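Have a look at this one before I ask anything.
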């Protein structure tokens, strides 16, 4: 016992002495972010490094937290103790309290952002109460990734209407191939399967305030027919379930898809890099999921990486300067992270799909989240996704939940959140 | 009146002085541990109470209003908060039963000490050395990569009606070894003569178990149930692992979401205090009930 | 010393032995059942090991088969590519050792008093200590961080050591007090008659008698501190202060893209703990068994 104790003590002392920090005189910029992918983290470091080469006195500290569980809690804890990060990842709409408490800088008059001539949606995604609070770097979308090899072998064409998609699914099932591999253990997947229909229809109908009204309780899900339509479209795609659909995480699903275990996969563009890192030679195509037979579906666009500057932290001007640099010189970021820039700048080092996305967005035939008056807040997003997961579970496991019931459940869940607000 | 015995008085004074010295010494003995405990648990807990009576939104908000018991009333009425308690209770019951029944069954099989049994004990306790985060991640693969191909059944973590059992299985896997060790200790402390006497009277295994073993290990049951109860009711990591499954949201996760994620610090804190109260009351009841059944050897 | 000898003998089975009542067939059945259970319990370890020594393509091809070419490449990559591994390892060692030592000293003293005195004051103190087991961490996470930050101890090893010790006090007091109650008082009384001071009596007489539970506490607390994620994620914000469990969020985050690296990391962080556990398991098993029941 004494021996163990003394060994412990000696080790503790020796190591303890070596852990004394040193102060630095340079300017340090702290970036709070939730970019989980290694490629994105590498992209951030690359852009920081090239900025530091121009400004040798500026160094960076990146603080990563998992978005779903730790990011906002840790950010809030830091802010409430006076521990002030300089740059905060996220959109002001998602974190309205940051705006109301003055933790993010008003960028409405920022000359660099103005000069970019970004479309209203891009700015909408980084705005709250009509003011701009974030730098919109790049964007994401979602749709159906398909295995080109399987499509060629089966003689299938990329479907452009709902009927054609249905026929493709049936042909695949006929050939004994799973049409999709799904990942509903990750909450976001039910959400993106519905967005296509909801965003397109809502913006076409001019319901830019749909989410605002649902959150205030002024309107109900049943008031907007396209929620039921979205569920119907999604239900049609939930044909031929696999046993792993409900328990797959994004990664597990991608693994199956990359190995040729299914012909299609509804996924976000963020998964593209991961897919290629799993199977560099994978022949993959992408199309926007059709929502009817008239070709009404539009590509969804949502600003992905958005960064806000904290005016209460020291050296806020340096943080702004760095973000302006990123917004204008972001191609290095784009090449490493394979994320399409909002500015539309492309280079040869980008994957073909990334370039296609950038071009599609530039064409303007898109449904942009930023064109809604208000995004769903965290509490409502959680409720919305949990109900969609329940719907998926019921449909995939042969349960009896109807679209109407799901709409009712969604309404009940929202009412519950409203009541607690 | 004046006839006070000077010697007795002196002794009394000495006793008091001795008592002061003794208790003072005791307090000094407890002080370091208490200071740590107070700084980390007690003081923050007390600090957190006032917030639960306000409408504070984000935890970094600088302004808030006093709203009295409104948060508590809202929560007690809220069906999602009630549901979270049901899920927590469900999980805890399965967890307590599983960890204790399996722990006891294993203990009954290997309580005698021999080399083989000692090795088995060591192996069965190994899961307890794994962190919760790692345990949940590894198990999600056990379910999908082992169980699914073997049985053709989907992973319980994706099925609303099974998810609580799926999570409890992980918790039981991790902690039944701990319960088992405590049961082994209790079994070893039962004097062998009791069984001999019973056997002379022709008792079978079940009789022995019911009339000797069970009454004699009640202290171990108390210890295990109390500990597992407190772990179960505070269940957070397991539930957070399947965050989008409504059927598995526990109170601890609800509280965390409201304090931090949803920026309703006042409401969430009130939920945390209700949870703590329930924990204290429940574990007191359990301990009292079980203590009554303990027999002195 | 009597106590030490007793609990050791409990473990090695020289003490009570109930008469066995089974034939060879039942014996064999028992062994088979036990081996099956051990097999099930160890499955997650097998999977972790398997995935950590398979190459990526090997995992996707045939998940559960033994790898055609077992490789340590994943381990090498984790150590080389994850900049948090080295820092995390250093910080984990630097915080775990002091925390367990602090707990050893403080809780053994406190538990000694709590076990020996039965007046109301001590009962209340005991309940207070024990109630710490019941407070959900989410409830105190924020005030704790604010206090630690205001003391300038956020993202420092010292801050983490203090917080982690404070959390562990309750559960340690619970089991150590139970153990001390089982130690006979004769020796202490003899010592105090001989004019030994309180502190000396404790250190020279009682503390050595507590060795089994102390070793157990050292190891169990090492487990809890080494594996701690929730306290660490709150208190240790700066990269340079992060412990090993925080280094794994790179792999165990929302998008766990490199399964084999994740498992290699998991195995790496498990190895020190497993070595510690396997080399001290006799004492742990004996200590847990002797401490917990008498409470």
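For reference, chains read A, B and C in written order, and residue numbers begin at 1 within each chain.
Heads up, the rule we're going with is that contacts are C-beta pairs under 8 Å (C-beta built on N, C-alpha and C of every residue); 3 or more make two chains touch, one makes a residue touch a chain.
Since we're looking at a predicted model, the values are computed, not measured.
Undergrad: So that we know how the chains sit together, what is the shape of their touch graph: line, ring, star, complete or other?
TA: Drawn as a graph, the chains make a fully connected set, so complete.
Undergrad: In terms of CA centroid distance, which chain is the most far removed from subunit C?
TA: With centres defined by C-alpha atoms, farthest from subunit C sits A.
Undergrad: If you tally the C-beta contacts, which comes out ahead, A-C or B-C?
TA: B-C
Undergrad: What's the distance between the Cα centroids of subunit A and subunit B, rounded to whole Å?
TA: Computed value for the inter-centroid distance: 38 Å.
Undergrad: Take the average of all CA coordinates in subunit A, do the same for subunit C, and state the distance between these two points in whole angstrom.
TA: Here the centre of subunit C sits 38 Å away from the centre of subunit A.
Undergrad: What whole-Å value do you get for the distance between subunit B and subunit C if each is reduced to the mean of its CA atoms?
TA: Roughly 16 Å, centre to centre.
Undergrad: Among the residues of subunit C, pick out those that touch two or more other chains and give their numbers.
TA: Those would be 142, 256, 259.
Undergrad: What positions in subunit B touch 2 or more of the other chains?
TA: Residues 59, 256, 259 of subunit B each touch two or more of the other chains.
Undergrad: When you check subunit A against every other chain, which residues touch at least two of them?
TA: 68, 77, 80, 186, 249
Undergrad: Given the complex with subunit B, which residues does subunit C contribute to the contact?
TA: 10-13, 15-21, 30-31, 33-34, 37-38, 41-45, 47-48, 51, 63-64, 102, 105-107, 109-110, 112-114, 117, 121-122, 125, 128-129, 131-140, 142-144, 147, 162-163, 165-167, 169-170, 173, 178, 198, 202, 223, 226-230, 245, 248, 252, 256, 259, 262-263, 266, 269-270, 273-274, 277-278, 281-282, 284-285, 288-290, 292-295
Undergrad: Considering only the defined contacts, which subunit C positions touch subunit A in the complex?
TA: Residues 56, 60-61, 90-91, 93-94, 97-98, 100-101, 104, 141-142, 145-146, 149-150, 154, 157, 208, 211, 214-215, 218, 233-234, 237-240, 249-250, 253-257, 259 of subunit C touch subunit A in their complex.
Undergrad: Taking the complex as given, what residues does subunit A use to touch subunit B?
TA: 68-69, 72-73, 76-77, 79-80, 96-98, 100-101, 103, 184-187, 243-249, 252, 377-379, 382, 385-387, 389-390, 393, 397, 413, 416, 419-421
Undergrad: Can you name the residues of subunit B that touch subunit C in the complex?
TA: Subunit B reaches subunit C through residues 23, 25-26, 29-30, 32-34, 36-37, 39-45, 47-48, 59, 106, 109-110, 112-114, 116, 118, 120-135, 137-139, 141-142, 145-146, 149, 173, 177-178, 181-182, 184-186, 188-192, 195-196, 199, 205, 219-220, 222-223, 227, 230, 234, 236-237, 252, 255-256, 259, 265, 269, 272-273, 275-276, 279-280, 283.
Undergrad: Can you tell me which positions in subunit B touch subunit A when the two form their complex?
TA: 57-62, 74-75, 77-81, 140, 143-144, 148, 152-155, 157-160, 240, 242-246, 249, 256-264, 267
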